[in-house]
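Naming follows writing order (A, B and C), and every chain is counted from residue 1.
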Amino acid sequence: MKFLTVPTSTRIEIVDITDKLREMVKNNGWSEGIVTVYCPHTTAAITINEAADPDVRADILETLNKLVPYNDNYAHIEGNADAHIKSSLVGSSQQVIIEHGRLVLGTWQGVFFCEFDGPRQRKVYVKFVSG
Amino acid sequence: MKFLTVPTSTRIEIVDITDKLREMVKNNGWSEGIVTVYCPHTTAAITINEAADPDVRADILETLNKLVPYNDNYAHIEGNADAHIKSSLVGSSQQVIIEHGRLVLGTWQGVFFCEFDGPRQRKVYVKFVSG
Amino acid sequence: MKFLTVPTSTRIEIVDITDKLREMVKNNGWSEGIVTVYCPHTTAAITINEAADPDVRADILETLNKLVPYNDNYAHIEGNADAHIKSSLVGSSQQVIIEHGRLVLGTWQGVFFCEFDGPRQRKVYVKFVSG
């Protein structure tokens, strides 16, 4: 298992980690298989979406804030209940195919770390299984 | 890595790809392991749900449209911001267990391609890892 | 493939299955790889979130009920359309890394079975792939 460090700079934010993943795949000589990109935090998540236009990420966050507001009479008293809920909606990991030593993403896709309770210094675990 | 082609016929639609996957598993002699069913598009997704009653798929789409409307003052100006957001909520891939050369699904489960910005000619990547 | 049995005791409920998974990893001598925790039911799901404070689970369920109400003029007439929709939003499986014979979870994380149409006797399929 390898890991990335992802510093975040505001409460809710989507950070592109595609280049860091590509570098990791190359540096470790991973050739054919599946890589699991895993978020070990309960107030954050991993998603795959469009990398070209950052407005897409802004729209995702805006909609998540409408669906799961920061304040909503939550039972959890730490002030980050919304972040936990967002984490379960988006998901704690994503799987990406590796072929010929490269991440196989669609033309417009990137891999993103979703921060819902920052700013913090975060980690992403990355596990490659060949096959 | 193998792939399926999935033609879609309307803007938002859920297409059953279970039979195509079963055929792929059989034709490739995949016996024991995990198959990753991956959507390389950022305005579509993969889900697993009930295959028997198509009303379930209609209800999923109807609810997604209520939660993430087509028009909502989005920043992304291509007219498909809702499709990107739905993609991140549903997820870009699903994993299915393979045993004795067969997809291991629950009694009522099927695997579905979710189109959120069609109609288009789509692809689904399928990667088998034995184990 | 192995499986867990998960009895649920009410209509909508989140059950911690982390200890059962840890025991399974240990009893089977799984050492390095990925474990897929898979829900074969179409009105239930698997999620990873905070295990410490049960209020987090209550908040997740409360918000899911707001977003996807029990009654909403659904087409599916079995009275559990909401459960199917919640299942696709949360997801039918989660992947967890195994290292040195142990589940690699973040400090606060646990693995949970999400019941959306109980009470029932449920199963969770667990597949380990080494790598």
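One rule holds in what follows: a residue touches a chain if its C-beta (ideal position, glycine included) is under 8 Å from a C-beta of that chain, and two chains touch if they have at least 3 such contacts.
Not measured: the values here are computed from a predicted model.
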Copies subunit C and subunit A - interface residue numbers shared by over half, same or different: different
Size of the rotation, in steps of 5 degrees, that lays the CA trace of subunit A over subunit B: 120
Whole-Å separation of chain centres (CA-atom averages), subunit A against subunit C: 20
Per-residue multi-chain contacts in subunit A, two or more chains: 33-34, 67, 89, 91, 95, 129-131
Sites on subunit B touched by subunit A in the complex: 1, 33-34, 36, 38-42, 67-68, 72, 74-78, 81, 84-85, 87-89, 91-93, 95, 125, 127-131
Subunit B residues touching subunit C - in the complex, by the definition given at the top: 33-34, 47-50, 53, 55-56, 58-60, 62-63, 67, 89-91, 94-97, 99, 104-109, 129-131
